[in-house]
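Working notes for the structure below.
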Amino acid sequence: MFADFDLVMEKLATKNLWDFPGGVHPHGYKTLSNTSPIANVSLPEKLYIPVKQHIGVDSELIVNVGDYVKAGQALTQSHSPFAVPIHASSSGKVVDISNHVAAHASGLSEKTVVIELDGLDAQYELHPLLDYTKYEKTDIVEAICQAGISGMGGAGFPTHLKSNSNKPVEFLIINGVECEPYISADDRLMREHAWQIRQGIDVLVHLLAPKQVIIAVEDNKPDALETMSIACQQQENYQVVSIPTKYPAGGEKQLIQVLTSREVPSNGLPIDVGCLMYNVGTCFAIADAIIEGKPLTKRVVTLTGKALNKPQNVWALIGTPVSHLLKHAEYSPTEQTYPRIIMGGPMMGFTLSSVQVPVVKTTNCLLSPSEGELPNIEDERACIRCSACADACPVSLLPQQMFWYSKAKEYETAEEYNLFDCIECGACAYVCPSEIPLVHYYRIAKSEISQQKIEKEKAEKAKIRFETRNDRLLKEKKAREEKHRLAAEARQQAMKSDTNAKDKIAAALARAKAKKAAQHADADTSVVPADTKVDDKKAKIAAAIARASAKKAAAAKKTTQNTSENAPTSTNVNAETPEVKAKNNESESAEDKKKAKIAAAIARAKAKKAKAKETKNNDE
Amino acid sequence: MSKLSVASSPHHHNGRDTGAVMRIVMLACIPGMLAQVWFFGYGVLIQALICISAAVLAEIAIVELRKKNTERIIKDYSAALAGLLLAISIPPLAPWWIAVIGSVFAIVIVKQLYGGLGYNMFNPAMAAYVMLLISFPVQMTSWLPPTTLTEQSFSLWDAIHTIFTGYTSNGYSVEQLRAGVDGITMATPLDHMKTELLQGFTVQEAITADIFNGSNGIGWTQVAIAYLIGGVVLIKAKVINWHIPISMIIGALITASILYMIDSSLFGSPWLHLINGSLIMGAFFIATDPVSAATTNKGRIIFGALIGIWIILIRAWGNYPDAVAFAVILMNMAVPLIDYYTKPRTYGHKVKK
Amino acid sequence: MTFTLLAILAFAILALCFGALLGYAAIKFKVQSDPLVDQIDQILPQTQCGQCGYPGCRPYAEAIANGDEINKCPPGGDATIKELADLMGVDAKPLDAAHGIEDVKKVAYIREDECIGCTKCIQACPVDAILGAAKHMHTVIIDECTGCDLCVDPCPVDCIDMVPLASSSQTWQWNFENMTVGDIPVKQV
Amino acid sequence: MAQIKSLFVEGIWKNNPAIVQLLGLCPLLAVTGTVINGLGLGLATTLVLLGSNISVSLVRNLVPNEIRIPIFVMVIAAFVTVTELLMHAYTYELYLTLGIFIPLIVTNCAIIGRAEAFASKNPVQFAAFDGLMMGLGFTIILVVLGGMRELLGLGTLLDGAELLFGEGAESLTITVFDTENKFLLAILPPGAFLGMGLLIAAKNLIDQTIEKRKLQTSQKVVTRARVTGTDL
């Protein structure tokens, strides 16, 4: 059943929409933060701008430590179509380019540009395409790319790639659903900047020429619905649609299903079913980029949770550390026994391991729940197969089965249950009476599976290399034997056939002797310094080897516990002396060097023996 | 200085844990149990007490042996629920050791030896019931007639006395308590019907007995309705899905109707089957046990319907008058197969041909 | 007597019929055994480390095909044992600790300023993952290194380390237990 | 001698046909209602095993590989028939109790299993001993399981000893306790399954304990093979 355009339009007109299976209805908590206008935050001292904030390939840095940058100045560039640049969010000096804790659940570090702000907020020159209809479409797409816009709803897919579609677009869907509890960034943005969002939509319409634009907003945001309707009322084929509140209605696939009943094929893209979806925040950023020429350097972030005294929405510069925003919202640590800061919503966000994490392009919310506001992590109980998770799953998976196989590491079977179609919305774990972190198990399974695939490829490569090497060695060995055989044969042949051979050999020997004598004479006079140089190097090497052996012996000793009391001192002394000697010898005569070499060799041997003894003791 | 705690999303939970689910089910049993007390005396309350304590103690013992977190496991209330379900299934005045053996068997053999909660293949209460029924047929079929029909009435103290000694405080045996005003030992309506049919009577003749009071079984009908109320509460509270009970009842009704249409003198009417025996109780409380039931919606419908069909077939041709436990256990075995073949179509996937 | 004769006759006739049937089946349904060793070799991780006691993965695959234990491969770990168990139709066992323990993935790293260019490690490497020439410093091609650590022992100056592969946010396995950061004061704000 | 010892251990414990190889479950579960039934069938099976192992071992070099199975089956069938006639003649009562399970010995996998796995590859004295030990192992399990079930179900042991040992053996029957409430489950086939499961569990438990003790004493040392030499 594939609903065609007319059927969808009919349904939209009657406001009788479709539904997606499953879903949950968590309490919204939206009023915590959506009652006050979006506030501005003071400039932080430093900005930490991660070099890569989108899905795709890395790009090259074009600034160096010490450079002065202005707000909106690009910090990276790339010729790859899958890369978008990052920009300085305010003016100041680049003080460091190094690894800094990233906005990622792992808490690992990634390459980050650190800018010390001068507080002037000097602007880089802007290149607006004010009358964008007069430009080539490719120019507009390029401008969107250069403004560094990537999807602001969560995934961070480069926007210009989506906007460059060749396939016909039936529905351009603007996602203002914001279905996760607590978050109200898009809500406030729509209420306050509906006109600019519409301008962004206009740009997209110009680029994509869709048959219909649908702006979807959940029915728990009446104000946003109203302002968007007013902003879009002049446009004939724009329709603002109110959709029922249900999590995760804001998921791309789910929203498409609600609005059109179409399903994006597994491994496919929305464009395969004639749909394209943009977040309202992305539309706002596109308008900024095209009409004002401003790159994406700030975004709305919801600061919420009852551990914040002043929950609100703010304009945060990309790169602002979380600690600065928490201070602004008056975070009170006493509210939490187990401090928790969640970046994103309570359903799909991730906990931060450091408050130095910067705000990035996909950061829509910082949630700091007070004690008891969100449940604490408890030990999981046994799965009772109640299948509440299956009832809640928006993509009709069987979470209990996937959990079973993921936990048992039977990944092939887990994949048979379509593990990779899981959108990780968390509805299953939300309803699980046994409090099993289901999504966590799926994530582990997914990453393990991809890891295993990589390893399989690597193993295949290693096998080929190993076999090639063995073949090569065999061939070399054969060639060598063949050469020896031939040489021997030739010698024998020569002995037999040539009666003068003996004379010839004698003559050759005499020639060689004469040559050697001549060389010796030369060496006596001129080659001496070179020789010492070589000796010097050799001594160094010997010393290095001795050092290494001593180290090995020491290491071996460390592992031995029962003999650690009597053995170590003697070998250590033995091992260290030649090193000292070797060092002294560098300035001394060649004779001493020879001695040093011998000493080193002895030391080596001793160390080896000691080691052998150690290991033997170890075994016993 | 304090650590930021980290965890995987979601960080939110609807707050209903396994213990809460089990407690709701236990609470939903209350109307049915009250009806049982009203019509058949206090026996069921004492049985509940014995079964729950025996089940919980057995669970504690095994969990301790397996070196698990005892407190957390006991607090999931699954052992208590299994005990309770067994208690309302056995005859109210069955000797105490029946209840104890049944509960221990349910927890130790059927549940924990299979790996504990979530791993058991069979419904513990029903497996224990079946074990008791085939091991101790006499005690397990000594059902009491409704108190309105009996010669002897008995008090709470009598019930306790009987369960622990076999006789009331006045020295009446269970057998005597079961006697009606005419002095004939009375059985459950289904039991009575089975016996009569085996003796060559028709259904119409069989239901003239006192316990049927026209065409319904006295007491049994009301108890069934009381459990129905509890079951509706469970569905409303979203503890169970409607699929299993509804499909089970419909499956049973259809099968019974077909048989009734074929020969109304050999097979009871659908209504008779519905309100007698433990069909309703089984549909809402037994077959819906999450661990041993099917887990997909389509699977649940198949699972329920087949249980319903089995119940009527066993009642018609089997040796036991009430067949809920056997039907449930039979279908428990088919669950993995049903689940495998009723996988829902995942979003974005084409229907497999 | 007739009974005995009858019995013998019955047996004889049956023997004839079934003998013919057997003979036909023996010729008709003969199958060539499939190359089990290749299948096993496919599962092994191909590190060629020799920890199993055989010189390389293929010899170990042959040994398994001939009935050796399947739990002797530390680099493959439990996942490999499981796959082998499935293939061989035996129970999976825990890894035999005598052969080593399953470790995180590592690669060899040569401290280049200490390398003396002796080429011993190049000769030791089973997959030609070390690059270099005599008297010139060597380096490891990280993508090709299987982490077998066969190059560590031969090095005379001990300049080769086995370093764990750095995990990036792309390869992170959601193990919160080994998080690198975590002890961060929040009361500072 | 060492082989005799290992055959003994294999048959009775390590490779017990009933609780390790799980062969011959059908008679095992069906007839172990009492000790005597178990013992009777166990002895009959042992007899057949002994006879078939000896015969198979004797003809092992004469039989072509392709038709060994039909030959083995025929040998076993002959011995089963002989045993059946024997029991018919001397223990008629028991013969009646065991009924179909005597002819069914012919399908007992333990017997053809031993013929195939052991007797057809080993000289006759070992094959005979192996048959005896395997039969003994099987019998022991039958008796133990029969004892468990009889005790739980009837409260007696060795009930019906006269069936096997003749008239005078009636006094051998031990009544452990007397009850009117018989635990029917134990005597019914499901009880056999449960009892069997518990026996296997007990055996595994004992094996694990032994294994653990062994582990503490011995520590294996493995030398690592070098794939590549440094002196190429």
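For this structure, a couple of remarks:
To keep things simple, chains are lettered A, B, C and D as they appear, and every chain counts its residues starting from 1.
One rule holds for everything that comes next: contacts are C-beta pairs under 8 Å (C-beta built on N, C-alpha and C of every residue); 3 or more make two chains touch, one makes a residue touch a chain.
Chain identities (UniProt): A = Ion-translocating oxidoreductase complex subunit C; B = Ion-translocating oxidoreductase complex subunit D; C = Ion-translocating oxidoreductase complex subunit B; D = Ion-translocating oxidoreductase complex subunit E.
As the structure is a computational prediction, the values presented were derived from the model and not from experiment.
Between A-B and B-C, more C-beta contact pairs join the chains of A-B.
Centrality annotation: C (chain centre taken as mean Cα position, compared with the mean over all protein Cα atoms). Separation between the centroids of chain A and chain D, computed from CA atoms only, is 62 Å. Inter-chain centre distance (chain A to chain B, centres taken as mean C-alpha positions): 54 Å. Averaged C-alpha coordinates put the centre of chain B at 53 Å from the centre of chain C. With each centre defined as the average position of its C-alpha atoms, the distance from chain A to chain C rounds to 30 Å.
Multi-chain contact residues of chain D (touching two or more other chains) are listed as 221, 232. Counting only residues that touch two or more partner chains, chain A has 105, 107, 333, 339, 341, 353-355, 440, 443. Shared contact sites, meaning residues of chain C that touch two or more other chains, fall at 48, 56, 126, 174, 179, 182, 184, 186-187. Interface residues of chain A facing chain C in the complex, by the touch rule stated above, are 101-102, 104-110, 323, 326-327, 331, 333, 339, 341, 353-356, 409, 440, 443-444, 447-448, 451-452, 455, 458-463, 465-466, 468-469, 541, 544-545, 547-549, 551-552. Of all residues in chain B, those touching chain D in their complex are 109, 113, 131, 134-139. Residue ranges on chain B touching chain C, taken from their complex, read 1-4, 6-8.
Interface residues of chain C, counted against chain B in their complex, comprise 174, 176, 179, 182-187.
On the side of chain C, the complex with chain D involves touching residues 11, 18-19, 22-23, 26, 48-56, 96, 98-99, 120, 123-126, 148, 150, 154.
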